[in-house]
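The same chain A turns up in both complexes below, where it pairs with chain B and then with chain C.
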Partner chain A sequence: MRPAAFEYHRAASIEEALSLLAEFGEDGRPIAGGQSLVPMMNLRLARPEHLVDINSLELDKIERTGDTLSLGALVRHERYFNEPLIAEHFPAFLDAAHWIGHPTIRRHGSLGGSISHADPSAELPCVCVLHDATIVARSVNGERRIPASEFFISAYVTALEPGEMVVAVELPIPQRKQHGAFIEIAERMGDFAVIGIGAVLELDGDTVLDARIACAGAELTPVRAASAEQFLKGRQLTEEVAQEAGQLFAQSVDPVNDYRSSAEYRRHLIVQLTSRTLMRAMKSKA
Partner chain B sequence: MKAENPRQIGARVQRFEDVRLLSGVARYIDDIRLPNCLHLTFARSQMAHGRILDVDTSALEDIGYPTWVFTGKDIGDLSMKAHQDVPEMQYSEQPLLARDVVRFVGEPVAAVLAEDPYLSEDAAEMVFIDCDPLPVVGTMDQARDPSIPPIHDGWKSNVFIERQMKGGDLEAARANAAYVVRRTFRNQRQTGVPMECRGVVAQYSPGDRMLTVWSSTQMPHLVRTYISEELDLPESRIRVIAPEVGGGFGVKGQVFGEEVLVAWLAMKTQRPVKWIEDRRENLIASIHARDHAHTLEAYVSKEGRLLGLWADISVDVGAYSTFPFTAAGDPGMAAKVMPGPYDFQAYEATFRALASNKCPLGTYRGVARPSAVFSQERLMDEIAKEIGMDPIEFRLKNIIREFPYKNVLGFTYDPGSYAESLEKIREILADDIAAARETRHSKEKRIGVGLACFIEQTAHGTPDFTRRRVPIETGYIAARVEMQPDGTVVIGLGLQSHGQGLETTMAQVAADALGIDPKDVFVRHGDTLTSPYSVGTWGSRGGPLGGGAVHLASLKIADKLKAIAAHQLQSNKDQISLGGGKAYITDDPSRYIPIRTLARQALRNVENLPEGMIPGLEAEYSLDGPRDGTYSNAVHAAVVEIDVPTGKLKLKRFVVVEDCGTIINPLVVDGQVRGGVVQGIGSALFEHMIYDEQCQPLTTSFADYLMPLAPELPNIEVHHIETPTPLNPIGAKGLGEGGAIGPAPAIANAVSDALGVEVNETPLTLNAIWRLSAHIRGEAS
Partner chain C sequence: MTQTTLTVNGQTRTLEVEPRRLLADIIRTEFDVSGVHIGCAHGVCGCCTVHIDGIPRLSCLTFAVQCDGKEINTVESLGGFDATHVLQQAFKSEHGLQCGYCTPGFLMTLAPYVEKKVANGEMPSDEEIREAISGNICRCTGYHGIVAAVRKAISNQLEGQQA
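Coming up: the complex of A and B.
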């Protein structure tokens, strides 16, 4: 459980980091908190020949520009809890943050790291898909802006090219007040979710004007609930309607089946948690 | 007037060793740093069962730094042998490095040494093991299938051993039964997971022909004996030291091939050799545990009296028999303890150890009793349900109340508090039982209460091991107590303390006998050079046998101190008492001599000793276990809350009522119980060593092998009843393992109570609970 040999480089600027990553191509990896990469290296499941340490780069800002909230790739998870703009505009994001790992992981782990690692059951990729985030990636060739829906390609596979790294995540600030929630089920607190569901609602009283629902842990990437979202529009949200939305969502996904959880159980959880998350989002209105 | 001597036995003394353990100055195996040391990494089998065609190490020739590599061809016939001396046993022998066949994933195949642990790990990766796959034995059904060839040459089947135990007239019990209740139970494969993995460092010093082996072990003397026999070295020229051991739980309670091999490598290379096990190795290739399947059939009278019990016990013990408890250890123990705390006199058990292409099974806290009690106590609830009786009432109706009690297999139980514990827990749980009843028809949230009542044979010694005919052979614990000229005391203890708090509890015992402060007693352990020969710490024996030995050795010194004091005070030694650091006339404490003065006289100013007395204050005592051991008892109770729609279980409450006889230190007892309960909760809910059909282990890191963490745990309430045993000099029974025995059956009974279904398997994961509650959701299960 010791990593294979690698060279360590500490980048002093984004330009230097990008130029190092360009030089190393597939053999280089940026490292920030190392919460996923270091264990994988110790197990020799990842064997980068070069690590580019980006911890000293100025990528840790949270700022609003017009209708966009931009979070730097180096924002550590524990900061989500103290950010009024997240609390005000992205309650589902805030709710999800409570489910991320343990305090140590939240202190060291970074937004860019979690997104780039793309674990199928992680909270933040799901939140990005839920909020229609844009992933900002840079390389020596310039900047690419990738919609979250196109960023996550498969388990641990993203749209990032060799030499490219995530520098920020942009969340569109909604025009109207939104209500949101995130609930997950895991064997133990802090484990990766068996199923996690995030929901965002725009409401007029109890009537749904707009809904977005996303799920972590069901498939190899986070999935949105197009049919359930459509179904909810214009409906009064009741327990029964929420259950029905859950059923619609569950029918539209093809959950993985592994030694820990059956596909059948995951499908069942999607129904239950979708319903609960919708009701929790609505109740957060009060 | 009488002097006030506060008793140390029973006092809440803060553990002396904690200062070192909690301040970061304790030295563990990896802290042993020797100059010129070579670091060992094993190339381990990635195939579960295969014939070795070639172990190709040629890539190491061009690696660019010095390496030393050894394979099965280089080590002669060095191996691990662990035979139970009975005719039914089929023997297995595990070469220290696999020679012709690999039999489980993780089996050591090549030893690769380099001057840095990173380099040896890189080099070990380049050893290419070419194997021809052989059919795997991965399930109990496969192990019993005669069409699948045995995994060991010359074997007739994949059954290590199959035997029977019986007592009384089971035919009569069957004939007289109004109810026959038969159930099958299954406990999963687990491992013990000490926080510190294993590790061995060895150094041979040719000058004094001394081999020193540091190992993270619970049994340094046995490691020494095995190395001596296998490497043909005199025991007097081998010193085995267990440094600080970061948890053992039974995992480190066997002698391992790695320990012998590292010693051999140090002699072969004439350099110190160090091997530090990593977590992956620890999970897949140290020792596994549990993996039991039991079918029980109980015969019950119309009035609800147990008449007899029939049992069929299978345990998947993996690829090899382990030293010193052998492949027969778990199944034999399960069969032996199955009668439990209940009064019936007809029993018959068939028990077998099945071989498979999995990591060998060894001892882990509780050893078979967590599984035996699971089956026993689940069955008690099932019978109660079938005959329409309250489960506590049914137990009380059958519980043993009169002692000594000779059980159906001829084991004699010393006095305990079986019925009182049940009564007490019923009182504690009254509100929970009522609350559970109110959720009986809920489709959302169910509450359940379950309990497990059990006894644990502890402090067993030589007679028990002789009956078992296993290579442990003996069971006494020795203590050597030496008072120094300044009146402080050094104890050389044959036990090894790896979390039990023995440096404190043994000091308390000695302090009472010697009338001194326990802070003045220094307990040395874990080093064969400074401790008398003993078999180590395991089996819930340390408190009673170690404590008893320390007590009796200390009394010998106390007797001498009294004789010296009587001589000086012109009294009779029967008139002298020891206490508060003084030897005083019992009826006139104003006449005294400080014990430190007496010690100085015994060791330095010896001219003051009574005529003819030999100088010195040193005594040794070896205490063996009573014929059948002593029986601790406990009731564990769990209150669970289940969210039916998701299967999420919350442990609301966990209560223990336990009786381990005399309590030496309540803080230590509570800590032992709570630690054991946490491991038992792991067995009940989370921990599962999973293999696929090709016998590849799937749960090879802590991301997959799940142990309970703080958020999953309730406050564990511990209540004590103290019934000192007449079979032990200080009245103590063992308690180290009991905490781990009760949780799985208590929690399973609570889940069964909540959901109204049979719960016959562990672990009770999210998926499992969800499946068990299908009927509540109106689905077919």
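Coming up: the complex of A and C.
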């Protein structure tokens, strides 16, 4: 398949990109790596009339400001592996990065692109929800800061308004040392996840002080495990406790049933992967 | 139509290109370079991998107009029609191909990978090699021959350095 006709515009500055996107509204889309948008266009699932190429904009910085790590929308996935601030503070993010697409895709795909595309099985939207990230969006009307929990509305649907574009993702740097992990099951390494689970733990020895768990691929947006997170607080983390947390998480979600997997198998995976991810996060302590 | 200057395997041409045209199609139809194979045309199979300014990229997920002024290399630039490149030779001896449709994509994905490993003096594990080729699909070989070819291409060059 080949894409429908569109007009191509190369933006030289953020201001120019935003003014073009404002002019085109619903009919315009920014393009960076194109690793999600172009497949959608080739399959004619997306038919933007105007593409605004933002590859030459300076939106690829990774910087720390106070207790916030800000990642520009044009940071390419392969850079996460070489970023000491991610390795130190967001180990679950780093672990998740290995599961994003394939090496060629990770070299070109961008953070802003993946977030805006909002595939329900994608790693980065899940990681944003896991880490309580803030999505920074900009339009000619100014900047909006949207909590990740409110950004992902449904499959491929976000809180972005026509004419608005993601410019950065902000991650709150935790006060205390955190341990994290991310595991997923896909048909083939790098394929879309059937289920992916991310976990972040704050530990005192084996005792959980705080826990966060999120799942990709179960529902139409990433989901957090409120009941399992609550259950883990104050408990000693053992295989049994981790299994129980997985059961609680699986009971609290309503998994989709599709060609990739039945809802029942997804529920089974949530139990097992939650348990494995928690244990992997704890073992990463050593 | 957008005026676009592309250099494919050293041949530079300026064309009037419809924005919706994929780089893979332009290379095949306008430059008559048929080593770029199109399998899935939506970024899943890796057959259309080319180098843009030396970096592997899927030419089915790239619009030709985005490549204005860029240097593009296809499998033809590796070892020519005699396939003399060390990786091509290893694919031949280790049965890294059967029908050959996916081979240009594998070679273009792997050539910089092999080069980097050799430069670092590293021999990757089979698992690492499999991750490196995870974006390329081969329906014939079952991948064993391809993994063996990568190992051979790297080990031959590492031994050559020691000698």
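The working rule: the second predicted complex is superposed on the first by the 286 of 286 C-alpha atoms of A that agree within 3 Å, B and C clash if a C-alpha of one lies under 4 Å from a C-alpha of the other, contacts with A are read in each partner's own complex, and residues count from 1 in each chain.
Everything below uses one rule, namely that a contact is a pair of C-beta atoms (placed from the backbone, for glycine too) under 8 Å apart; a residue touches a chain by one contact, two chains touch by 3 or more.
It should be emphasised that the depicted structure is a prediction, and the values quoted were computed from it without experimental measurement.
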Contacts of A:265 with chain B and chain C, given as first, second, both or neither: first
Partner chain in contact with A:105 - chain B first, chain C second, else both or neither: second
First (chain B), second (chain C), both or neither touched by A:2: both
Partner chain in contact with A:94 - chain B first, chain C second, else both or neither: neither
Contacts of A:34 with chain B and chain C, given as first, second, both or neither: second
Which superposed partner A:281 touches (first chain B, second chain C, both, neither): neither
Partner chain in contact with A:130 - chain B first, chain C second, else both or neither: neither
Contacts of A:51 with chain B and chain C, given as first, second, both or neither: second
Which of chain B and chain C A:273 touches, first, second, both or neither: first
Residues of chain A that lie at the interface with chain B and also at the interface with chain C: 1-2, 4-5, 39, 43, 188-190
Of chain A, residues touching chain C in the complex: 1-8, 31, 34-35, 38-39, 42-43, 51, 53, 55, 101-105, 107-108, 188-190
Chain B partner contacts - residues on chain A that touch it in the complex: 1-2, 4-5, 39, 43-44, 185, 187-192, 194, 259-262, 265, 268-269, 272-273
For the chain B and chain A complex, residues of the former touching the latter: 117-118, 121-122, 125, 278-280, 645-648, 686, 690, 692, 698, 701, 703-704, 706, 708-709, 711-712, 765-767, 770-771
Chain A partner contacts - residues on chain C that touch it in the complex: 2, 18-22, 25, 41-44, 46, 49, 55-58, 60-63, 65-66, 109, 113, 130-132, 134-136
